[in-house]
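In the two complexes that follow, subunit A is the common piece, with subunit B as its partner first and subunit C second.
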Partner chain A sequence: MKNYIQLFLIICFTALLLFASMALPYRGDVDNQMNQETSITGTEVPGNYYVQEAYHDAHTNNMVTVVLGDYRSIDTLGEQIVIFTAGMICFLLLRKHREDE
Partner chain B sequence: MKKRVASPIVLLGSRLLSPYIMVFGLYVIFHGHYSPGGGFQGGTLLAASLLLIRISSGRRISRIQFSDYLTTPLAVVGVLIYFGTGLVALFAGGYFLDYGQLPIPGLDGAELRYWGILIIELGIGLTVMAVLVSIFDDMVRGEDE
Partner chain C sequence: MIDFVLGHYAYWFTIILLAIGLYGMLIKDNLVKKIIGLSIFQTGVILFFVSVASKWDATVPVKSEAFPITEVSNYMNPLPHTLMLTAIVVGVATLGVAFALLITIYNRYETLNEQELLEKIQ
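Now for the complex of A and B:
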């Protein structure tokens, strides 16, 4: 009985996701809002600045590197600290546990 | 636990493969300005080259290549490279992590940003490599003495 409920829920959720994905825009559609240079309210989107000024600001061909390393460098610093914290947690949990045995 | 049988073919194959993976990891870090890549990906490749020797040869040989006491200090050094770059730019008169203010003579703002990105990518790569090797060492500790 429990399996049938799970199967029913999975089918319902799959149908819901398929129904929701019908309205997604096509990839690379230039008329879509997320590919426009100005937002709905008329202001310029920040991604437009990144695309146009990345090479001029940092002389780096790879725009993604400029965004990750320069414009959003505090975000990348946070990601590095997440990895460092994961390493420290493994250090504290596993290493102490092994020595106690 | 099953008795470990050392296979010279596996050891030789991984010894042949490991330096090339390491060179490719360094390439991914240093070429991140021009092609897809960067600190996280390159650090993972560097860790893969170290872990290949660790898996194939056991702890006694791999300790000669890269000691397990080095991993945590190197992770700290990687974080400090990133923080230090930001703090040097802060004390030199800019904002935190504003590479345009780094006190390196002979370079203008855009060139300074170029080198600042490379410095922090090196810090990220060092931390990712050290943390991945450290997690592996912690998990196998006491099982292959």
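Now for the complex of A and C:
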């Protein structure tokens, strides 16, 4: 009985997502709003700036690297704190067990 | 009609992946299988963002001499790629924590089945 409710939930979820995906723009279409150089309100989108000025600002060919390491370096630092915390949690969890034995 | 399918099939595959992940998380009893479902769900979300970021006749966001950077439509938007890189790394970290927790649970209760685990906890 419990499984049927969960299956029903999964089917509802899938149907909802399929219904929502009908309204999405075609994949990769250059005329999409998300591939435009200006947003709906007329301001320039950040991706536009990154493509044009990344090499100028950081002298690195790879724009993803520039965004990750230069423009969002504080965010990347926070991400590394997350990794460090995860490593510490793994260490503590696995170490505590050995003490129990 | 054929244009509609060609423009949307990537989203549908992603949705199938999300449904498989949700199935694994909700219905499977084995905790390892639940985590596999979680991982599949996560991959589905990442694939969705990457497929949304694609652009026809555009190259990867690495500056090359063949494509002038003054023309933005030559390059894909680097922002979704960067954010998904972050999401992948954090996902792997949480996966590691989940497996460490599973090891601890197995050492203490000698089972990874959810129903047996609930009985043993009570």
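Here are a few things to note about the model shown:
Following the convention adopted for this analysis, the second predicted complex is superposed on the first by the 101 of 101 C-alpha atoms of A that agree within 3 Å, B and C clash if a C-alpha of one lies under 4 Å from a C-alpha of the other, contacts with A are read in each partner's own complex, and residues count from 1 in each chain.
Throughout what follows, contacts are C-beta pairs under 8 Å (C-beta built on N, C-alpha and C of every residue); 3 or more make two chains touch, one makes a residue touch a chain.
Small disclaimer: the values here were computed from a predicted structure and weren't measured.
Placing subunit B and subunit C on a common subunit A by superposition gives a fit, with no clash between them.
By the touch criterion defined above, A:Ala54 reaches subunit C but does not reach subunit B. In the superposition on chain A, A:Val67 makes contact with subunit C only, while subunit B stays out of contact range.
Residue contacts after overlaying the shared chain place A:Leu77 against subunit B, while subunit C stays out of touching range. Contacts of A:Leu94 after superposition on the shared chain: both subunit B and subunit C are touched. In the superposed model, A:Thr14 lies in contact with subunit C only, and not with subunit B. In the superposed model, more residues of subunit A are touched by C than by the other of subunit B and subunit C. In the superposition on chain A, contact is made by A:Asp29 with subunit C only, not with subunit B. In the superposed model, A:Ala86 makes contact with both subunit B and subunit C. Smallest inter-chain Cα distance, subunit B versus subunit C, after superposition on the shared chain: 7 Å. In the superposition on chain A, the residues of subunit A contacting both subunit B and subunit C are 61-62, 64, 66, 68, 76, 79, 83, 86-87, 90, 94. In the complex of the two chains, the subunit C residues touching subunit A come out as 3-4, 6-8, 10-12, 15-16, 18-19, 22-23, 26-27, 51-52, 54-58, 61-64, 69-70, 72-73, 75, 77-79, 81-82, 85-86, 89-90, 93-94, 96-97, 100-101, 103-104, 107-108. Subunit B makes touch with subunit A in their complex at residues 32-40, 71-72, 75-76, 78-79, 82-83, 86, 96-97, 99, 110-111, 113-114, 116-117, 120-121, 123-124, 127-128, 130-131, 134-135, 138-139, 141-142. Across the interface of their complex, subunit C is touched by residues 3, 6-7, 9-10, 13-14, 17-18, 21-22, 24-30, 34-35, 37, 45-48, 50-52, 54-55, 61-64, 66-68, 72, 75-76, 79, 82-83, 86-87, 89-90, 93-94, 96-97 of subunit A.
For subunit A in complex with subunit B, the residues that touch the partner chain are 56-62, 64-66, 68-70, 73-74, 76-77, 79-81, 83-84, 86-88, 90-91, 94-95, 98, 101.
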